[in-house]
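Both complexes shown next keep chain A, but they swap its partner, so chain B is in the first and chain C is in the second.
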Partner chain A sequence: MSAALDLALCALILGVGLASMAGRGVFRAAIFFITYGLLVAIGWARLGAYDVALAEAAIGSGLTGVLLLAAHGRLRRLRAAAESLSRFNLPAAIAGGGVALSFGWAWFALPVPRAPDLTYALPQAGVGNPVTAVLLNFRAWDTLVESIVLLAALIGVWMMARDADWDAPLGLRYHARPSGVLASFGRILPPVGLIFGVYLVWAGAESTGGAFQGGTVLAAVGLVAMMAGIMRPPRVAQGAWRAALVLGPVVFLGSGLAGAALGAGFLTLPEALAKPAILTIEAALTVSIAVTLALLVLGPPDEGGQQA
Partner chain B sequence: MADLATYILTASGLVFFIAGTVGLIRFPDTFSRLHALTKADNLGLGLIAGGVAFQTETWAQLAMLTLIWVLALLAAGTVAQLVARAALSTPEQK
Partner chain C sequence: MTVWLHIVAIVLLASLGGALWRVWRGPSPADRMMAAQLVGTGGVAVLVVLAALQDWTLLVVALALALLAALAAVGFVKAESPDGAGDPEETDPPEDWRTNSQKVPQDG
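The block that comes next holds the complex of A and B.
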């Protein structure tokens, strides 16, 4: 029974993935991509990797999907209409096929790496969730660089702004009727979403969850509030928002340097301080991830563009 | 007994999902498709959540299932309104 479910899931993932690439039109491809992400998330959940499933659903499918749709909307407004997409892109097909083939080759040819034994290391990590322990303690370096990459991406987006628009609020103008459904939704969702986002971060220490998943939920809450006209979109020059953007990387780097100063080594957490240090880093990272992701979706300041 | 309730409720939920999907594919315009998608699917989701509720072990799980259904209802209702309004202002889009 469960084998049938897994086989159907695999077939669906492959089919939807193909549809996303082979379909004509950017909009259709984006919609299939979102569906693909949700199916892959179910796949991760079937494998027991609930942290990855949450991250895939929230970031891979939800946030990336929204970014793709927003890009499609902008393209259409610029009438650089996406429909100029050629039906078959041979170099891309060769490159994609090559990557897939080499992964397949690596799977069969390379020896299976022995999973490191966490039995002794995990009790010293400060948190009970092995994924969080790896992300913020054993391999903190990767996570630090990831958080900085997000920031760099946002700066890249801001560089697309026109000089004249620089002081304008970020993103397009949203119009929500004051008593309309979106305004009501924007009032009902944030309390629930805030609790859920913070819960995801807090729960991440011991079970499924974490800064990236919780931060995405918080970013979505902020976006809904801004689209509903309840919260004003930030401006580039506002100091508090800029501080929120860099808070995570700064706290992360600071604790890494503190580890070095205490003699444990850069980004190495002493066992006694590991839990409070990880919780502090995660809290700061969540703020930065939430703000960065929300501002990425909002896009550069754009006074001229109109949003229906 | 609880298993039987789960079977019956999830099976009838699936029937509503299938009906909603058929409507989504077969109905002629955006508004009737929205009608099929939001009403039938939300009832189907409620029936499936009700079926799974018989398998829960704690009240917290039951509360989370309820929350999932209520949030899905809320989101579907809101999005249906927004899509319908967007469709009104651009009638030629399929």
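The block that comes next holds the complex of A and C.
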């Protein structure tokens, strides 16, 4: 019975993947991509990778959806949507098919990797969730560099801004009818999302959750508040927002250096301090991830966007 | 009990297939978006059933999906407004709004 369930899920994932590439229409492809993220999240849940399912649900079908729809709306205003996706792109098809085939080959040809045994290491990590232990303790270096990559991506987006717009608020000038559905929604969702996001970070130490997932939920509800006109988008030059952007990497780097100063080594957490250190780093990372993701989706400051 | 839960999950996935057909057919962008919202609701239902089958922590994933599925609808409403930043409620609907939504080309 569970095989039938998995087969139905696989068929849906493959069908939606094909549908998002086949046929014409940028909008239809974007909508299919949103549902694709959702189905892949169910697939991860089915595989028992609950943290990945959570990240996929938050990023794949949440924030990416808004990004794609906003890009489509902008293309339509620029009258460019009709030109793209109009013909079969052979090089892209060959490249994509080649990647898929090589993954298939790797699945059959390579030996099944043995998951590292965390039985002895996990009790020293300070947290009960093995994913959090790996991300913030055993492989902290990767996570530190990833948090800096996110910052570099945001700087890349900001470089698209025109000099004249630099002091303008980020993104479009969102507005909504003050007592309308959207404005009410913008007041109801953020408090719920705020609690849920903080819960995800706190629970991530012991069970499903984590800084990245919690930060994504916080970014999403912040975007809803800004799109509903409840909250004003920040400006590039505002010091407090810039401080929030670098808070996570700075605290992470600082704790890594403190580990080196205490004699444990760079980015190595002493066992006695591991739990409070991880919670502090996660809290700071959550703030930075939430602000960075929200500002990435908002886009560069764009005073002329409404005419474009 | 587990057999029944599996059957419920498969039926829910099949109903997602129906919603996906509407995403493919359209014809208006709003039809596709509403169908995507239906897929989101069905996906939450599948995850709740899987939580009963596998592990109750999956309810967290279902909750995240339920919270964030609405985000795409907000993004859609924004993107479809004339300046990309508005709200359909701000202006009175034109006389032909019902037929107008059908005139939108398939490419959006």
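Points worth noting:
Everything that follows uses one rule, which is that the second predicted complex is superposed on the first by the 303 of 308 C-alpha atoms of A that agree within 3 Å, B and C clash if a C-alpha of one lies under 4 Å from a C-alpha of the other, contacts with A are read in each partner's own complex, and residues count from 1 in each chain.
Note that a contact is a pair of C-beta atoms (placed from the backbone, for glycine too) under 8 Å apart; a residue touches a chain by one contact, two chains touch by 3 or more.
None of these values were measured; they are calculated from a predicted model.
Looking at the shared chain after the overlay, A:Val181 reaches both chain B and chain C. In the superposition on chain A, A:Pro270 contacts neither chain B nor chain C. With both structures placed on the common chain, the touch criterion links A:Arg74 to chain C but leaves chain B unconnected. By the document's definition of touching, both partners, chain B and chain C, reach A:Leu189.
More chain A residues lie in contact with C than with the other chain of the pair chain B and chain C.
Comparing which residues of chain A touch chain B with which touch chain C, the overlap comprises 180-182, 185, 189, 192. Residues 67, 71, 74-75, 77-78, 81-82, 86, 89 of chain B are the ones that touch chain A when the two sit in their complex. Note for the complex: chain A touches chain B at residues 180-182, 184-185, 188-189, 192, 308. Of all the residues in chain C, the ones that touch chain A in their complex are 2-3, 6-7, 9-10, 13-14, 16-17, 20, 23-24, 26, 29, 32-33, 35-36, 39-40, 43, 46-47, 50, 54-55, 57-58, 60-61, 63-65, 67-72, 74-80, 83-87, 89-90, 105-108.
Remark: chain A residues 1-2, 4-5, 8-9, 12, 15-16, 19, 23-28, 31-32, 34-35, 38-39, 41-42, 45-46, 48, 50, 53-54, 57-58, 61-63, 65-66, 69-70, 72-74, 76-77, 81-82, 172-177, 180-183, 185, 189, 192-193, 196, 200, 203, 207-209, 213, 217, 220-221, 223-224, 227-228, 305-306 touch chain C in the complex.
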